[in-house]
Every structure is written in C-alpha cells, then in structure tokens.
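These notes concern the structure reproduced below.
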C-alpha cells in the first residue's frame, strides 16, 4: 500500500507543477481557455489523488515515509527530497487541494478581464505545488523548500498587479517580513542538524527525548546555558511567526490584501499562512519537550488573537477586515498549539480554511460586482442585489463568530477551552485574550457584514446600474465552501479532537501532562449536546454580544459610531495606527536600514576605503613624487649640496657609533685583489 | 715627529675648504671643478699618509687610480663645459636646469 | 729629536700652510685663471708633503699629470671661453655664512674623528725611514702589475674612453650650430606645430547670384 | 586516469587559436564572421566538456586528464595540466560562461567586434589554464595573463569612466599577485619543484606559514574580493561591458576562492587554522556590511556588484569555517558540508549573478542608463525578460529550488556547528539579500511605466532568450539536483580537508 501512496503522492504533488509549467510556458499555444482548463484539470487530478490518499491513510491505516531522490550528499549528512504521508498530512492535503481547486474555478470568473490571466493560473498552480511539497515533506530541507516556495508565490501574487504601487510595496514587505521569519527558521534547521546530525523528521523526533534527557545546553550568550530544544523550538517558531503572521511579524498580512482576492482566499487565509500552524503540529514532538517554547507560542498566539482582531474593527476596506480577522484566527490556532492542543489548532485550521476562504471569495464577489471597490463606506444594502453572496457571507460570518452549530464553533470553542485548561505558564492571560477575542471577532465580522449588506445604500449611482449577482463560476465555489463551513465542525469535532484514537493518529505527539484535549473529551457527548451546552458558556455570549453590538452600531443606530469614536478618540487612534507597528517598521527598519546602507556606502566605503585608503594611497604616491620632483631642481649646486649633507650625516653617524676603526678597515681591505 | 693625525687634519682642512668652495662658488662651474680637484687632493693626501704609517702600499695604489679617474673626469668635465658653452652660450650653472623634474 | 726631524717638521708645516693658503685663494679668487694658478701651488706643496711621506712616484706623477696636463687644460678652457664673470660673483657674500658653516661642521666632525688621540704617534708610530735601496716606483709597480692587474687594465681603458669621449665631445660638428632649449622643446603643444586655418571652402569661390546680376 | 587525447590542452588552446583566427577577420565589416567563429569555438569548447564530465572518475581525489611536459628545464618549470573535483566544475563553468558571453554580446557589441570576441576567447583559454594548471609557474602565467584581456575589455568597450576603473582593477589585482609570486618562489626553493602538489608535504614553521598565508591572502582576497579590498569590483563592474561583467563575476572572482582552496588551505594549514577568525570576520563583514552597502546603491550594476561581494563572502566563509566545525564536533566529515557549500556557492553565483549582469546589459543597450531611478515598469513591455530576471533575482536571494539556495543553505547549516553567532550573521543575508535584490527589482521592473522609451521597448531577442535559457536551466538544475555537482566534489574535498588538517610544523 505504501507504494500506492507514494505514487499517488507523486502525482498529487507534480500535477499542479505540470499545470503551472503548461500555463506559464505554453500560454501562447494554449490560450486563456486552454490554460485554465489545463490547470484546473490537473488540480482535479491532484484533488482526486489527495482524496485517494486520504481514504488509504485514514480508513486503511496506510502511511508512507521515504525518499524520492537524494538531493545532496555531503560528508556524513544526506539531504533528501522525500514524502512523509501520515494522518496529519492527509488532512492537510485535502484542505489544500480542495480550496485550491475551488479558487482555481472561482478565478475564471474573478480574473476574467485581466491581462495576466494565464500568469495567474500559473502562479496558483505553482503555489499549490509548493504548499503540497511543504506538507508532504519528510525532512526540514523539503519543508524549507515548500516554505520559501509558497513565500515566493505569495510575493508574486501580492504584486500581481505590478503596476500598482501599493501592491508592489505590499509584496516586497510580505517577502521581507517572511524572510525575517525564515531567518529564524533556517537557524532552527541548522540547530537541528547540529544536534541531531540529520534533518529527517523521523530520526529527529525519535531522538528528541534523548536529547531532552541528556539536558544538552547551548551557550548562545557567554555564560548562559539554554536548553537546545528550547533554542530549536523558538527559532523554528520565529519562522512560523513570519509565515503565520504572528505578532510582531504580522505586519505583512494586511498589506497582502493588495493581491487579487482569490489569492487572499487561497494563500492568505486558507493555506499558506497556516503553514506555521502545520509546522508547529508537525514539530509537536519537539515543542512538547520545551515548556519555555510552548509558553512563548501560547502568549504570542493569544496576544495576536485579541489585539489584531481589535484593529479589524476600525478598518474600512472589506478585505482588510477579513485580513485582520485572519490574523486573529491564526492567533487562536497558535495559542491552541501553545496549549498543546495541536489537534484543536489543526482542526481550526481546517474549518478556518473553509469559512475564511468563503468569506474572502464572497468579499471578492462583492468587489467584482462593485467594480473593484473595496471600501465598506461605499456599500450597504447589497443583500437585494446579490442574494447568494449574502447568504454565503452570512454563513462564513457565523462560522467565524463561533455560533453553534457552524464549523467555527467546534474548533474555536475547543481552543478557548483548551487554553482555559492548560497548565502552561501564561495560560491565564492567554485565556482572557482568546475569550475577549471571541467578542471582537463577532464584532468586526458582523460590522463588515451589516455595513456591506444591510443599512442605507451608499453605492455610487453608476456602479449601481451594473450591480448584480456574480456568474456561476464564482458562486458555485461559494456554495461549495459554505457547506463544509456549516457541517464539518459537527462532523469532525469528535473524531479529530476527542476520540481516544483520533483521526490524527500518532502524527501529533502530546505529553500526557499537557494533554488538555483528553480532559475535555470527558465533557463531550455528541455534537448536538455540545452545541446546546454552548448556551451556558462565556465564549458564546461574548460572541452574541459582539453580533449585537455590531447590529446596534452599524445597522440600527449607525450614527452612534461617530459618538463612540469621538469618546475614545485616543484608543481609536491607536487602533487606526495598528499599534504603531507599521510606522515603527517603516522608520526603524526600512528607513533605518536604508540610512545605515547609505552611511556604509557613502561614508565608510566610498569615503573612507575608496577615497582615503585606495585613492589616498595613489594620492600619497603622487604627493611624494611631487615632493621628490621638487628636489630635482636641476641645479648642480643643489645636488652638490645634497651630497655634502649626505656626507655630513654619514660622518656624524660614524662619530656617534664610534666606528672609525670600521672606516679604517673599510679603506684598507683588499677589494680588488686578484686571486 | 709628524703624527698621522697631522696629515689627516691637514686633509680635513683642505676638504672643508673645498666644500666651502663648492657652496660659495655655486655659479661658476670652472671653480667648482677646481674645488673638486682640491677635494681629491685632500683625499689623496690621506691615502698616502695612511699608506705610509701603516706600511701598506695599497693606499698608494688607490691614489694612483684616483689620479687616473680624476684626470679622466677633468678631461670629460672640461669637454662638457666647452660643449655646453657652445650650445647655450653660457656656463652659468643657474641657467643649466633643464633636468629639473 | 734630531735635526732631520726638526727639518721635516719645518718642511711639513711650511707645506701645510702653503696648501691651506692656496686652497683659500682657489675658492676665493674671482678670476678663474688666478684660481687655477693657486691650485697649481697647492698641488706642488702637496707633492712636497707626499715626498715627505716617501711616495715619490705619486708626488712626481701629481706634478706631471696635474700641473703639467690637467691644469694646463684648465687654463686653456678658461681662456678659450669668454666668460662674463661678474654676475657669478654677486652671490659670493650671500653664501659666505652657509659655506663657513658647512666647512666648520665638516672640520669639527672630521678633526674630531682624526684627533691625535686616535691617530697620534702613540697609536701609530712614525715608521722608520726606508733604506737607501728602497724604490717606491719598484714597490708600487710590483703590486700594480700583479695584485691590481685587472683594475689597472680597467683604469687604462677608462682613460682611453675618456680621451675618446673628450675629443668627440669637443669636436666641432660640421653641422650648422643649433641652440637647444630642451625646456621649451618638451613643452611644445600641438597648437604650436600645427595651425588649423578655417577656410570657407565654397562660398567665396562660387560667384553668387547677386554678383552675377551685377554683371 | 590519463587519456591520450590532450583534452585540457585543447580546451585551453582552441579558444586562443580561434581568437587568432577571429582577429584575422579584420574590421567590423566582417563582424558576423567574427561572431560565428566565436560561437562555433565556444560551442566546441562546451561540447568538449561533455567527455570531461562523463569520463571524470569521481571516486579519486587525484588529478585527472593529466598532461605533463618539461617547459623550462633550467628552473624545473613544467607544462603540467590536470583537473580534480574542485577544478573540473570550474573548467565547465568557464566554457558555459564564454558561450553565454558570446551570445549576450552578439548584438550589443557593435564596434571592434572581432577584437571583443577574441579577447573573451583568450580569456576563456587563460581561465581554463588557471583552473587546470598543476604547475605553479604555469598557474601564475595564466593567472596574470588573463588580466590582459579583461583589462582591455573594460578599457576599450567600457562606459564613461572606464579608464579609471580599468587601471584601478589592474593595480589592485596586480598588487596582490606580485606577493603571491614571491610566496611561490619561496616554496619552489624549499620543495625543489614548481609542481603545486610538491608544495603540499612541505614542512614550514609557523612564522613562515603566516607570511606565506598573508602573501596568498593578498593575492586571493583582492580577487574574491574580500572587504576591505573590494572597492575595485563595483567600479570595474559598472564600467565593464556586459560580457566583461559576466566574466568578472562568474569567473574572475572564483579564482580567488579557488586559490584559497588550491594553495592556502593545503600548503599552510597551520596558518589557516591560526588566522581563520580573521577570514571568518572578513567574510561576515562582506555578508552583512556589504549587504547594507548594496541597499544604498542607485546604480543597478553597482548593486549587483556589491551583491557579488556579499555572495562571495559566503564562499570564503565556507572555506574557513572548517576549522571551527572540526573543533566543535571533532569529526572531519562534518566539514564537508561547509567546503562543498562554498564550492556550490561559487558556481551558483557565477550563473545567477552572471545572468543578472547580462540582464542589466540588455537594459543598458536599450535605454543607455544604469540608474535605478531611470527604470520602472519594465515588466509591461518585456514580460519574458522580466520573468527570467525574476528567476535570477530569486537565485540571488537564495530561494530554494534555485542554485543560490544550495550553497547558502549548506554553509549556514554547517557554520552553526562551528559557532552560533557566525550562523546568525550569515543567515542575516536572507533578509538583507532579499531587501536589496527585490527592492531593486521592484524599482526597475514594477510600477508604472514612467518613460516613453520604456513603453516602446521590445522584448528580448531569440539569441538573448537562448543565453538566458542556458543560464536558467543550470540555475534550476543545480537548485533541484545539486547532487550532480556534489558527487564530483566529494573525493577532492575530502582530500583537501585532510591536507588542511595535517599539521606541517
């Protein structure tokens, strides 16, 4: 069976690559239609393989770990390209290929009148390839390959409309911030290689406990002795912070909304940004052994969950609201991993992939209908014109707000509960963050919902004339995503989270002392009673009050917003300024880096080295030559005088060193004797 | 009893005089040449004094060679002076500065 | 102290004073002819000293070669060239302090080095007078033609070269005499050699319409 | 393995003879003849490399394809050629680069075409000679000899400030190599032979080793170039024609690192061990400091030139990390990664940076400017060109899947084994390199089309596409399957590591 899985995996991974190559290199031959047919067809192949693998792995207990080919062999280390197909991978590949296929289809409509149509499909398939490489990796090299690969495509796609200055700026920012994360990540990989002598997952995980027992330490700063595992985990987590947009490396994600909306759905909501979460779950055997790292993960995740969500409340761009929502939800997932509820994190990843892709695609539908207008203040009352979009957006919003029985409820509630039950330091703070976050979540998403679909129509007249529901290629994916957004929570919560032998199998490792989900399993008695039970829990009422506040402020009494913002102007200002991260980065890193570069170039390099040292030595020789030249006056008596001075010096030297005997010898020895 | 030192001091005085002559007569190339001759005379005297007092004939051989070279030098030097005068119509040393850098 | 010694001392000091006096006159005389004559005096006095030092051959050679040949050459040249001597002497006084200073320095340094405590009779005894059968010429010759054979040959070649060089330098060239001004020659620019002349090539040559009409 | 066919000699002399033939075509009225002869010669060179690769025995560190004749008997100088795993890839690199240069300058060079092509073919022969020489004097002759064509190419076909740049380049490089000659002569006196291999077993005291090390350092550091003797490079690159820049970046700089590998490490291992901190610090300065300098550039070529310095910093870092690594882990086998990473970095840098220089040359040929601020929105009229450039920029940034990644990855990973902070500083290039490369890319290729000249641009010609395709293929091939390169290096690197760890006191 493992051979079958291997073959299927190869097809699954390579099909999108082939599609990408076809759309990229042969777009002239294939044309627009041919390109999207080729890529979508190959995506469907990939999806079929993914489903087949999923069935084999989940229901028949199959798995595959092995090398595809040797990438490099150096000394006693080998770097391979290989697959590790287990339960975790199986679930993720379903999510990736499913969302990706839908977004491909959706793009036919969304990108219909764009010049870069085939390029867009090429990028998307390339992205899917890289993402699949990432999740199927059986070693850190391939993980890093996929990790950077998705980063590249993300960069290309954010800057897809390369003539738009903001888009290009956003793409550059995204790449650079991600690179800061990758910087940590590669250090982490280096540490793994150093201390495990391999970068294969299996060997690393197998030896982690031994390394922990041996209490190996590393002296990063002189005098400190930090546990190697902690250093590895923290550096790897820095990578996750970049890719999964955790504070303070989250700044790129809102900017990434400059890309086309399908991309925001696929990359910046459903798949790529969750790579960090996947990595945390994949590395659970390492993270479990370092409480320090878990605390960091938990606190950073929880902080992001609350505070980035609050920024979403003050955004006016519909996509930015959803982007901040993504930040916040990624915070939830990270916090789940920090609380050792990796399964809950991955589960939320999956539900989030569905409802957030749905929200983005619905927002994209709105944006196309509005002729690429994204400002919420110019919408309102859209429900009449686009009913399907309206309904699906509502489903997504409910799922996001964790209203039972939508998918988001099961995953998010599990996270909040897991953080609540966690014993890891920092869990109390984190609990309040994620709890209050559920209010904020409901507030911002329903604020966007009411502003866009209800209330007074603020649509410009000429737009209004063309306002109608999007074509079927766009709403079919919406519905295809709305269904899982509704049901998968109820369907999968038990088998994934609470079942004794969960569907994640042994791909996620949790130490018994941290296993919070096990404790929660006792309280789970079927999806329906769990949903009912929600009515007496805090998160639910926080969410409901969030929805109510949004309704009250944005629909019922829209003017009250003015009053509120004036009342808490300073707080509003902080939120609008996004806590100053952007300004800080711009001033310190962007300008600072450029200034430093300029200083190095103009002062140190050009002035000091090149002008003073290099040209300076040339000038010194010139100066010296000019000095010596001046001595060559051409006057005989100058030369004679110089000789006399030389003689005097010579005589004086003889006197001082008292060598007149030496002088005498010099004169009398026979220089010219013939033997 | 004439000591070696006496001869050497005489040589030194003669040498010093010729140096002073070079400095003083910097414009007159003929006097310059004569000062050089004087200088060589001083050196030769020293050589011969040493040869006598140390009973080593080598000193005299040296003088012999110096005389040879000095004669050649004078001959060439004077020929050059004649040539210079013929070409530039002057032997003023101050006017002969074409070699300056 | 024998009478011979006293006599020797008298001769030495007389000669020494003569040399110094002649030297002063050589450097001080305004007229090169007179300077050359004083130089002759210095040579002759030196020759006396050399004889005192039992270097008869060299003393005689000095007289023959220098007084007889070299100084004559000097006098010829001085007299042959019609030199305006006046401007050359103007700076004499100006450089007097410098000259004296340099001379004093040299004297102090050298006399310090050759002071009697280093080279006095105590250190270097006065050698015995050579016997009557001693021949300076023979001694010198025997060394010169054996040990110093090669240098001697070299010196002779040098002299030959000097003779040829002197003759060829001073030989009046048959060409028309041209004065060299190297300083100006190296500074010559393209513009000095070649002058670009702007000419209106066609306008003036072809008769204009107006001119034709006038006709 | 010895072959009867003198493959290396042919690789050296064929281009030089072809250069002579090209010169006979005369003036620019026969320019096409010159171009075609150059093309044929370089293609033949490339084809000859196929047997070089396939007949190469990867299991032995010995010199292969050996040729050895007495050249100057009186001084024991031999005409000795041979390649091992370290030099063989460099020879192939040279031939590929020449072909790319010929293709890239097909249309861009319009005056003195024959002389231009001849200069680059001579350069190819000399370069192969440098990499294949097994005799110190032969090495030195080629080493200095190749300065002449590159000097001429900058001085004749360069842009405005070319005379300053060419003189600066010449003085810098010449200054260093004079000292190398002294060191070689010293070694010759003690070993009795000019064969480089005869220098290896020589016992030398520490102080002598340090002097020789410094002499070599000055020669090689100028070529690499290492901070602070790097300032000739931006000038030379900026003023050189596109082909000159490519050869400078792809080959000339490699000679420095090759020198370290061939001379410094095996001949004076104790001094290398003693002074490895110096080399590491200089390399890190090159990586971090030069990276920042590159950010501040306003001239595309200059920016790429500085990025070259930063990338070569990685190569030197890889060469000299070995002592720290072995000290930390106690296992010589661990140092393979670092040294092989350095080799891969060198070769990969040749292709990606070379390609970027060709690209800038293409732009310069059309717009006659190199200023970043004069560009903008190039992607719009030239999408194919922009795609190629994106690939090479990504290789420059070190993206996995491209060749630029392999070397950086291996060196960062292995330098962690030696020292945590070295790895941290080296890894900072991930951020810095992407900052300067992509910021430039953004300003040149993205944004609105600001000038009418840009809007009127046509996409690259078929010839340029061919040149870029060759480069892109190699970049991707090395990125996806570096083992094809690593397996060649393995035996020789192992041998070198052993030599570098034998004490010669």
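In order of appearance the chains are A, B, C and D, and numbering begins at 1 in each one.
Assume a contact is a pair of C-beta atoms (placed from the backbone, for glycine too) under 8 Å apart; a residue touches a chain by one contact, two chains touch by 3 or more.
Keep in mind it's a predicted model, so treat the numbers as computed, not measured.
Each of B-C and A-B has its own count of C-beta contacts, and the greater count is at B-C.
Spacing of chain B relative to chain C, judged by their CA centroids, is 6 angstrom.
Centres computed as Cα averages put chain A at a distance of 92 Å from chain B. Mean C-alpha positions place chain C and chain D at a centre distance of 64 Å. Centre-to-centre, using mean CA coordinates, chain A is 35 Å away from chain D.
Listed for chain C are residues 102, 106, 110, 114, 118, 148, 151, each touching two or more other chains.
For chain B, residues touching at least two other chains, in rising order: 19, 23, 26-27, 54, 58, 98. Residues of chain D found to touch two or more other chains are absent. Listed by chain label, the pairs that touch are A-B, A-C, A-D, B-C.
Listed in rising order, the residues of chain C touching chain B in the complex are 1, 5, 8-9, 12, 16, 19-20, 23-24, 26-28, 32, 35-36, 39, 42-43, 46, 49-50, 52-55, 57-58, 61-62, 65-66, 69-70, 73-74, 77-78, 80-81, 83, 85, 87-89, 91-92, 95-96, 98-100, 102-104, 106-107, 110-111, 114-116, 118-121, 123-124, 126-127, 136, 139-140, 143-144, 148, 151, 155, 158-159, 161-163, 165-167, 169-170, 172, 177, 179-180, 182-183.
Chain B contributes residues 1-21, 23-28, 30-31, 33-35, 37-38, 41, 44-45, 48-49, 51-55, 57-58, 60-61, 63-65, 67-76, 78-83, 85-89, 91-92, 98 to its touches with chain C in the complex. Residues of chain A that touch chain C in their complex: 644, 647-648, 651-652, 654-655, 660, 663, 670, 672-674.
For chain B in complex with chain A, the residues that touch the partner chain are 19, 22-23, 26-27, 29, 32, 47, 50, 54, 56, 58-59, 93-94, 96-101. Chain A makes touch with chain B in their complex at residues 628-637, 640-641, 644, 664, 667-668, 670.
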